[in-house]
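Look at the two complexes coming up: chain A is in both, with chain B in one and chain C in the other.
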Partner chain A sequence: MAASSRDGAGAPSPGAPARPPLPGGRFAAHGSLAGQLVRIALLSVFTAFGVWAVLPLYVAGNWWGIGLVAVVVGLVYYVYLSKRAVPAKYLVPGVVFLLAFQILPVLYTMSTSVTNLSDGHRSDKAQAIAAIEAFSVTRDPDSPEYVLTVATTGDPGTGELAFLLTDGEGHAYVGTADGLSDLSGADVDPAGKVTDAFGYTILSPTEVNARSDELQEFAVPTGDGAGIRSSGLSSAFEGSAVRVYDQGCDCVTDTETGEVHTADDERGAFYNEDGQRLAQGWQVNVGLDNFARFLLNPTFAGSFFGILLWNLVFAASVTGLVFVVGLAIALTLHVPRMRGRVLYRVLVILPYAMSSLAMFLLWRDMFNTDFGLFNRMLGLQIDWLGDVWTARAAVILANVWLGYPYMFLVATGALQAIPRELGQAAQIDGAGPWQAFRHVTLPLLMVAMTPILIATFAFNFNNFNAVWLITRGGPFSPDNPTAGGTDLLITYTYRLAFNEATAQYGYAAALSVMIFLIVSVISVVSLSRSKALKEVDR
Partner chain B sequence: MRNTALAPDAPETFEELVEIGTELKDAGDTSEVLAMAVGQEGEPFRMNALFTSAGGYLFGQDDTGTWDPTDLGVGSDASVAAMEKIAEYGEDGEGVLRRSIDVENDANLFYEEEAPFFVAGPWNVGDANEAGVDFEISPIPGFEGEAPASPYIGYHAFFVTEGSANSALAQEFVTNYVTSTDFILSLYEADPRTPVQNEALESVSADDATIAAIAEAGADGMPMPSIPEMGETWDPLGQAQAQAIAGGDVREAMEAAHDTIAEQIGQ
Partner chain C sequence: MTVGDPETVRAPHTRSGAARFALWARRLGWRHAVMLVVVAFAIFPVMFVVSAALNPLGTLSSAQLWPTGASLDNARDLFRNTPFTTWYANSLFFAATNAAVTVLFSALAAYAFSRMRFRGRRVGLVGLLVIQMFPQFLAIVAIYLMFSTIGELYPAVGFDTRWGLLLVYLGGALSINTWLMKGFFDTVPKELDESAQIDGATHAQVFFRIMLPLVTPVLAIVALLVFVSTINEFLMASVFLRDTDAKTLGLGLYQLVASQRNANFGMFAVGALMLSLPTLIVFWFLQRYISDGLTAGAVKG
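So, the complex of A and B:
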């Protein structure tokens, strides 16, 4: 804070070279007291955020993360306390947010897309092996169930664990990592819990819980690979792991059937000779397999390109229609002699003001064959959402209804900015209304509208809600239940990657990267081809 | 659920249900025979009762009741025949089962007395009481001369997540407390669902006729197959069933669903 109060004096340091005036430079040099206070307050809040972000990273031992936070905080301090970095003062927040919320997620998605991250491939190999062994522990037949009291021979937090066990006949044992032996002279309560035993400290439930991880691993060996394991805090049973991992052959052997599953580090799971795998696998790098899966597999490729085509048609027709409808209404309400324009404008904006989620569901119900508004009002029996083309029309219709008010708003604003004199001048030169609109108003309008149209296209290209809430991608043809008639790439991705049983993050990430590339290419090409935007840049 | 004002007696068979419902519909008392959600995507969860009665099956079971994921039955002749029988009541048949009835409007059809029968679940009981309909709960009837209808029985279970914090306390809770009758009863008091423990069920059923009726309706029911492969069946099977109801080629639809599921579960 000392540094910032010194800056507050605002006096240029003696001997500093004269600098050309920079935008905002005047304020930087002669900050008011209020400005100083705001700066100190914002930096304090930012520092607090930094500390808040570091704490969990420190607990997790993530030094890279801590370093990153420190660099960002340091950079922000430098930029906002230094008098030299004036342009950066304006750019840093935007750049930081761009990096954090745009670039990082894209990079993370890309890095995920070359892995097999999915259910059954979430952890590393060591955890998978531990899970396989733990999952295969079965209670030995005819083995007694013990009442368990967890104790230790030393300090409650660190001493070696010992199981004080009583069987159904009230006989007491002590089990340690070395084996099972008789326990004499212990006090046992009626439920079978040991309340006091010489040489052992009995742990309270909280103390046992603090050592949960050890307890999971702990087994009192009883020979032949069997062991007494805990089941909660107060019971224990004798059982053995049926599946045992052997580092020598890098395989898991079933001790009952003798079946061997060998580790496949390319696919991240244990496979037997017949190609059957164990459920618990681990995450590995699979290169471009996820991409190859839908580009080269004939079934997926056919669906993919069919859906891509419809996706383009959908986004283009929704964008075109909302533009035409929105602009038409904006032009109508732009006529100066029209009465009640404010009221009309409010009414037109209403669909935009309502929750689109609820609206999509409402539209879905209006398209119901027997109970829907459309068929009832028009006396029709059209299976709107059951036929591919009517379903596509329904999705576009609902989306246009929800989308045109936004286009209307933008067009109204842009129209206000175009001087009416231009249109009048065109009329004096002999242009008809259409010619005046086509050659004067529209080109000027497009300057403001083109970026909006590109954004609308990109948004509708990925308009998950519009399709998922109305048709869930359906209707489906009998020979292909994975790709529906109204599926967009994003809903198709969702169904393939996250259908109820298994989440396939790696595969979904690969599809997302494809969608990202398609939308980026379309946006960049249309932006660079658009002359309108060049005028904005000027 | 059955509207006792419209249909005083519980039907013994699905045919009888359709007959009673059709009489009411023809007389103008109701507009629907049965409120059973199908929807555009199908409802395999609800359809399972009729599907099993007509002889369909999803996965085979061995003698001990263990599910066998390698025995996928969606495209089997038995399952195709079952869906063909059900499709007789579909849109090209009796029109009792239709895709336009879905999970959004099925309950309202019953509450507004537009349908005398409703394939419902315990989650509908509260709303049904509020709607002021006189209703009774009875098992979903199976087809005449066929197996009894087996609706899915849902139940809540407690799992300890692998590698979770506080796993010792969580295991203790699950193994030694969740199983106690007092705990099950306190769950019932918090949310009146059918208790999953016989002692608790008996003590609750004595006072709560609805719970007793639900337990009875589920007597022929089956727990949903608890194998991971089950999750891959819902979407393809639902779509195939919706197509069968719509009047499409049943065999083609069921075999396509079979192939999709088989591919998803790696067969």
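So, the complex of A and C:
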């Protein structure tokens, strides 16, 4: 929905009347006819997006969402039709996206960081109970059977599954993880298969096959411990649950074995006496436990602080090295009447103009043990990326190669801004070339370079590509397979959330928040020393 | 790359050859020596990737620093065996669209911040600096969870679609780039737009007809920076685009050498050059702005 507001962006508005108190200042009262037409056209497109955004929300009965869309649409109309809100006309397009896709995710990250959200703790307790019961459904001899059509409300590959079911009399139902309800207005073929239903995308046999694992675990709760599960790809049966939830003891009892799992509302799962849990848990607030684990639990704290230290060393050494190399090259070429300077310049900044993503992968392959360029040229058999220290050196080397041209460009620009006479005057006063550089040129250079160095440090602190594309965080020691030798905090976070057997969103979010705090401290300290903030009052 | 010796060409006749050479070596000769080393370091990976792209065998183990033969087999394989054109189109779509829209949004905001005084201006400017400390990709877990829901409601902007990822990228449109632009806007004399307003121009006309043409260098720089960073973006793209046909070229190349590192290296090398090509072109055309623009941004912080 927020997508649409960008189309209201460029709307050249007719502007505010010529009255001084208006924040936009003195502007003409009326815009051109073309400007008016463009504004009307963009607002119409925007309205169309608003309607498009409301429809699925209406179908899903999401009234909060509809309210939000209405507020955004109303706000945009107010801003672009009012003659007063001139600055807002220029700020709204970018700010809407900033709020929706940066600030909101940041807040959401913070709220996720105090939960145990992960695979097995995704839904609320009621849904977890329904899933446990439905999943334990076994077939009764007289249980009703349905013809099954698998559908989804979202994308065929990833959207939430729904069972479109027809019973013996041809009556159609829709079953989701929330329960069973009537399906009206569906097209049913003679075999009982649903061929079309409003709001649902019917999966083709191939698409169903691709999600057969999910299908195995999908069940429609029908109340009183009963549920509907699929048997094969085109039929489903209703049966009764073996595991039944009892509100009195807040526990799940297995009617066949008599085993009891009691709810633990602090950990968000059902546990039996031996501490074994049922797979389906629910999301609970765990307070600062996620943070405590990284800071206090010996294993995790070891990984965390080890990674943090390497992360700081990595960012500092890359920043330092690219600065030294870039500045040295800039100084070497900073001389009048040198032949071939333009050619040198072009060749030296070549790495900067190459795609860094592809070049990281290239460096990784040059370090390959069996086929890599380095081992073949040197006649060695070193597993460069398999040893912690050579892997770290390799990551730093590749980053220096990619990063120094930028420093060279910046340093060249800064050197040209310093009058040559200053250095010459120092030399006339008896200073050697090194003294003149050290005490005259360098201090002046640092004024321009400090903000760049801070930015480079901050960038490299979170340089995901640099590590992930070369080593994927490895090498890993056998006793700690989650934290690798070259892992940065950001690659560690990514692995916890997206690259492990079970996704641990709560922990990953907590790590994100900690990275944020660390970078904030570094930035606040360095910003308070630079003059950037004074710009605000200009 | 060896560069001629300027002093021997135009040397005064009064000095002996050895003395002239010593003078040249002290003044310029060592600079050339240093530069030759630097250039060798700078270009050897590029030479290697070019040579691997042309290598008829197309494996990592047979690729040399110098081309051992020239063939287009790797390029042909890349076109035939992978959805290369789709990947490439996706990459260019994200980079170009994000660069264009970011420049527009950032310029609009920078104009307001530079030329207007309003409540919340200071908060807005400081806020933009603060939000930089929490880069978007740090919130990737939340973005992923958000789009799991959004994708259910609007499949058109869900995972594996172009629009979903583009929306996320545009969330970063207002950033440090807005500061860079604002600094540049501040250098344009206020008298210019004031006189236009007296002549009856609206604020929109001032922005589009007077300001934008005057700040072209900074627009070019921001477009370049956003284009390059988008085409090289991996983290968020890898979370959003999982379907082979939805991938960007960067993700595709990663996948290509993840499974068959040795055998597919020739194809990868061609892809790497193709991925660098748009960046090289953009650099070539914008090179006169680059040094100035970057330093201007540096001083302005």
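In this section, the second predicted complex is superposed on the first by the 317 of 538 C-alpha atoms of A that agree within 3 Å, B and C clash if a C-alpha of one lies under 4 Å from a C-alpha of the other, contacts with A are read in each partner's own complex, and residues count from 1 in each chain.
Simple rule for what comes next: a contact is a pair of C-beta atoms (placed from the backbone, for glycine too) under 8 Å apart; a residue touches a chain by one contact, two chains touch by 3 or more.
In this text, all values refer to a predicted model and were calculated from it rather than measured experimentally.
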Look at A:Ala177 in the shared chain and tell me whether it touches chain B only, chain C only, both, or neither; answer first, second, both or neither. neither
Considering only touches as defined above, state whether A:Leu42 meets chain B (first), chain C (second), both or neither. neither
Between chain B (first) and chain C (second), which does A:Val71 come into contact with in this model arrangement: first, second, both, or neither? neither
Touch count on chain A, higher of chain B and chain C: C
In the overlaid three-chain picture, which partner chain does A:Thr482 touch, first (chain B) or second (chain C), both, or neither? first
With both complexes overlaid on chain A, does A:Asn368 touch chain B (first), chain C (second), both or neither? both
Under the stated touch criterion, which partner chain does A:Arg495 make contact with: chain B (first), chain C (second), both, or neither? first
Quick one: classify A:Ser234 as touching chain B (first), chain C (second), both or neither. first
After the superposition on A, what does A:Cys249 contact: first (chain B), second (chain C), both or neither? neither
When the two structures are overlaid on chain A, which partner does A:Asn209 contact: first (chain B), second (chain C), both, or neither? first
Both partners, chain B and chain C, contact chain A at residues 365, 368, 370-372
Under the definition above, what is the set of chain C residues touching chain A in their complex? 1, 3-6, 27-28, 31-32, 34-35, 38-39, 41-43, 45-46, 48-49, 59-61, 63, 65, 101, 104-106, 108-109, 111-112, 115-119, 121-122, 124-126, 129, 131-146, 148, 151-155, 157-160, 163, 167-168, 170-174, 176, 178-179, 182-183, 186, 197-198, 200-208, 228, 231-235, 238-239, 243, 250, 253-254, 257, 261-262, 265, 268-269, 271-272, 275-276, 279-280, 283, 290-292, 294-295, 298-301
Contacts from chain B onto chain A in the complex sit at residues 40-41, 98-102, 104-105, 162-163, 165-169, 171-176, 228-232, 234-236, 239-240, 243, 246, 248-249, 252-253, 256-257, 260, 264
Which residues, counting only chain A, touch chain B once they are in their complex? 127, 131, 134, 205, 208-209, 211-213, 215-216, 230-235, 279, 365, 368-372, 383, 385-386, 471-472, 474-476, 478-482, 495, 499-502
